[in-house]
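Structure in structure tokens, see below.
By letter and in written order, the chains are A, B, C and D; residue numbering begins at 1 in each of them.
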Amino acid sequence: MIIVLKPNATKEQIEHVMEKTKKMGLEPWLSEGVERSIIAVKGEEDALRALPLEAFPGVERVVPILKPYKLASLDYKGEPSEIDIGRGVTIGGKKVVVMAGPCSVENREMILNTAEAVKKAGALVLRGGAFKPRTSPYSFQGLGEEGLKYLAEAGEKTGLLVITELMDVRNIEMFEKYVDIIQIGARNMQNFDLLKEVGKVRKPVVLKRGIANTIKEFLMSAEYILAGGNPDVILCERGIRTFEDFTRFTLDINAIPAIKSVSHLPIIVDPSHGTGRWGMVSAVSLAAIAAGADGLLVEVHPNPEDALSDGDQSLLPETFEDLMRKAARVAEAVGREV
Amino acid sequence: MIIVLKPNATKEQIEHVMEKTKKMGLEPWLSEGVERSIIAVKGEEDALRALPLEAFPGVERVVPILKPYKLASLDYKGEPSEIDIGRGVTIGGKKVVVMAGPCSVENREMILNTAEAVKKAGALVLRGGAFKPRTSPYSFQGLGEEGLKYLAEAGEKTGLLVITELMDVRNIEMFEKYVDIIQIGARNMQNFDLLKEVGKVRKPVVLKRGIANTIKEFLMSAEYILAGGNPDVILCERGIRTFEDFTRFTLDINAIPAIKSVSHLPIIVDPSHGTGRWGMVSAVSLAAIAAGADGLLVEVHPNPEDALSDGDQSLLPETFEDLMRKAARVAEAVGREV
Amino acid sequence: MIIVLKPNATKEQIEHVMEKTKKMGLEPWLSEGVERSIIAVKGEEDALRALPLEAFPGVERVVPILKPYKLASLDYKGEPSEIDIGRGVTIGGKKVVVMAGPCSVENREMILNTAEAVKKAGALVLRGGAFKPRTSPYSFQGLGEEGLKYLAEAGEKTGLLVITELMDVRNIEMFEKYVDIIQIGARNMQNFDLLKEVGKVRKPVVLKRGIANTIKEFLMSAEYILAGGNPDVILCERGIRTFEDFTRFTLDINAIPAIKSVSHLPIIVDPSHGTGRWGMVSAVSLAAIAAGADGLLVEVHPNPEDALSDGDQSLLPETFEDLMRKAARVAEAVGREV
Amino acid sequence: MIIVLKPNATKEQIEHVMEKTKKMGLEPWLSEGVERSIIAVKGEEDALRALPLEAFPGVERVVPILKPYKLASLDYKGEPSEIDIGRGVTIGGKKVVVMAGPCSVENREMILNTAEAVKKAGALVLRGGAFKPRTSPYSFQGLGEEGLKYLAEAGEKTGLLVITELMDVRNIEMFEKYVDIIQIGARNMQNFDLLKEVGKVRKPVVLKRGIANTIKEFLMSAEYILAGGNPDVILCERGIRTFEDFTRFTLDINAIPAIKSVSHLPIIVDPSHGTGRWGMVSAVSLAAIAAGADGLLVEVHPNPEDALSDGDQSLLPETFEDLMRKAARVAEAVGREV
């Protein structure tokens, strides 16, 4: 950690800061410059982070040197992780894993039909919401446990793995019973009590990036789950909020190489929420694969016009099939496969 | 709702859209323009919102006309609400209610001392965190129920009302026992399960704006609580995330007159989190009062250097006293009082 | 245009608004709803845009229906444009045109060497700055006209077309003499006097998106050039400013399919400025091609360590060659060629 | 400057970086840590900024310690500047200077009438645009030199100083003839050729913040003008672009105390463009004064319904008078005067 001092910091103030760091068992070193002096502090930076050094008289600002996450860092692991999500499927390896299905599980029949359609097109995982986070209290909130049962049934019938979103800590046992992969949604990326709970679970977790969270914060939230004891965290970029209003969100394609440069965790992309427009899903999906994404999470609905949620951004099964064909070609061009 | 059609929309497509809206019991009206035609739809807009009209062939975009929130709107109530928060204190009236205290309750002594200091300076409510949402799993997470007890004791001794943040639905009963006002933090503004639970509680709720949430979404979250049966919602602007990195967040002063123009709910401001720098807290607090804020939520710590969290943005008791004197003058200038 | 009225708008206010629009030769139609009434106005929307309708008593808000740009719209042209940029090269067709070279022309030798290197790797256009927009007045500001001469010489020797940035209206004639394509930088996207001037020029213009400008504003700036009489406008996405600080900017990959859905103009991508990190340039370039970009604008420097500007984001010639090989494979996968 | 090394940086790489800095006449010092080593470099940081250190093998990132601006910094001047803008008026002292007038000068009569109205209400400076930066090429572009003449005449008749926006370097002499204060608009904050030209002028300059520019970049643009020889720079906060779409921009009230903490330059606020809604202008103006702004720049139009630009955000003369009365009370509350 580097402590930058004010130009007019007094000797006493500098001494005071150095004393504080020494008391914490750290080793400060003062470098006096012409305009500004700095104190470089060696040792465990975490202890120091808790200290509100910028409130100390004479201190201008503090520059952390070490990354605040450990278990999520590439340095820690040394190489990218390949995570086993069940039925012989791994994520983070050569295979670009496609997860597809409707926004919400609306009834038994539609989820069974959609499961068959996405399976046929080449998806390996079935997605579908049973508990829905809805901006309006007056919108359809999901079928609840009934939806989980239909999902599990569809997974069993088709051989697809099943992923769905967990929002409430009180439902964890129910989820462990029915689903293969637990999804934490963007709105809950910093719901720390929920992160702690899924840290104790023995299921892979797909953690979506919050719409206003930096890559650093994203990795800190992964760290919560990893530190809780669950090593199987898959990151998911799903669009961030910017000033642009043409699309619902701005899918941050840069996050893929950025995260791969600092973390060992696999990263997948949700082009449906990322753009909010079905007409853009294919272009953005191909871009994600070209940029190195380890998977896709795509909304597919047999009849978007009648969808109870997110119909605007869902693909028809035939459009999804077309995307899968194109995705295979782009994946091959970058040495991967779909 | 207005449905804007594509320039090349066919008769069949237009007919199909009109049929759909009629089936929902609504009244569509087609207005053919030179370049674009539109369909204006009269009636209950909520039903229509569920329909993914932008996915219909021939439709370019959909423009909602009505506000998606009802109970939170100024139209609904007709005049600003004045909410009784206990011990004869109301918020939303002439009084600008100041809530102050440390970020975290660190131990019994410090919270008792701080309570006395802020009471002396003129605060009416004591703030202090017992359960802390921390970005890092390695940071101090709060004292938990012990912290709540100390807070309640400090409130009782000083006659201050007590506010603290609730993060976990499983703790609601505990909170009902100890605190006067429940705070929902920015990270949980769209934790809908939590909103539903505080909707059932008989305590006033301070709802903080998410760092990337629009004013409309903010009011939709308030709507969740109101629709649950709890009419006592106080909004709190605490800074939004922008590209500017001089301050931790950008406190959105515009939100005050903006919200007052569309909602009857009181709005207070948190200048400590909003700026992240204690040196800017006073200027921004005075600005908030001048802009019409109904209260302030300020971090005060007897010894910021040793604070276990947010020391950088906490005021010393004497700086807080100075702020209270200035706040009184500005409040008077705009016809309010502190 | 739709004019949404306030719930309590009086008859007189409504009448007044309708009169105003009629005086402008337009045709208003009033639709009375239960909660809100609206006025739909048919006819030339431009005239109406000038009217500050939201300041009229009784008016809540105004919703434009037509796009504010005409010549730049896909509706106007009906199909994507393929723009001839000279020497038989067109942009917007099957070929993904790669433009490459150093940020700044530093001296004659380096630009000649770089030109040969990028030519060998397959670039068709040489980029290089002679007049540099620099945030600091103390940074290297470019070689000026001397730089243009070196660029022209390098173009002639290698058969590459030459592109460079114009910042000052007083230099237009000089640019017409030396360069094949004129670049308007992100900071000048709304320098309307400059846009008007390049509207009169007979050279293709690459217009970069401002870092905080919406796609709509981007197309409005293109409209300035088109309306001035120059039909050869090539758009360039180069990253927008968001809260994320891992990368210098957030390259908006969504802008590619978004713009293609509403405009006929070709769009290229600048992955070097878009990310600000050379290690991410390849991944983002491939993503851009997969998403449908018509070209790339890449910084290549023979010795980034000694670059006078933007060394952090420049590729070495050998890294660039590697990118070109990968780009060829991804382009083929999406039916294009490099 | 601090150079943070990668955990696996080799001795040779470290040596190479140290050599480079020594060759530039600087003094590097290596501090080896457990996880990361750093090099602290003493001396003139500007030279080092040009070096793309992040592209050097073994380097993880570079942390500048010194501020990149000098003449604009508070350290340089030691105390806030009070700038003489003519006719005995200074800005940056006790007086909060109000500048008011229409967005555009539409004709002789309207500017004379408005000048008298704002003078009567207490404004000291008349604003009005003669050359207008308009997003659309089809919008009213201003009266040009004719507008400047009317402005000058109105200034003379009323004794008001006159401010208007300069967009084109070719018009500087014309502006010197007619106006007292030159305004550089937000879109031109980084039009460096224009900044260089007004650096040579002997008139005070109001520099508006770009809608996506940080406070640091804002001060760097001021540095261009100061470095050119013109010491009379007045900063103007006018709203930044964020995700919030309730208001046209988000006026950044925090910028006022932030800038005052690092720069000696006065700062004024434009609440009209900052919010884009006349109904919010008063609240935000009072907030700006309470936060320490040195002046206001307010749009006033005798008949907003017929304004040729920005009618939505213009105050009627009587609303402006009311604002001036309130402003006087708030200014007094914070020890200033209007």
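Brief remarks on what is shown
Here, a contact is a pair of C-beta atoms (placed from the backbone, for glycine too) under 8 Å apart; a residue touches a chain by one contact, two chains touch by 3 or more.
In this text, all values refer to a predicted model and were calculated from it rather than measured experimentally.
Between B-C and A-B, more contacting C-beta pairs join the chains of A-B.
Farthest from chain D, judged by the mean position of CA atoms in each chain, is A. If you average the Cα atoms of chain A and of chain B, the two centres end up 26 Å apart.
Centre-to-centre separation between chain B and chain D, using Cα means, comes to 31 Å. Per-chain CA centroids place chain B at a distance of 38 Å from chain C. Residues of chain A in contact with at least two other chains: 212, 241-243, 245. On chain B, the positions that touch chain D within their shared complex are 212, 214-216, 240, 242-247, 250-258, 261, 274-275, 279-280, 283-284, 286-292, 326, 329-330, 332-334. Interface residues of chain D facing chain C in the complex, by the touch rule stated above, are 20, 46, 49-56, 68-69, 133-140, 167-170, 187-188, 190-193, 196, 210-212, 217, 220, 223-224, 227-228, 241, 277-278, 304-305, 307-312, 314.
Interface residues of chain A, counted against chain D in their complex, comprise 2, 4, 7, 29, 31, 33-36, 38, 40, 42-43, 63, 65-66, 75, 212, 241-243, 245.
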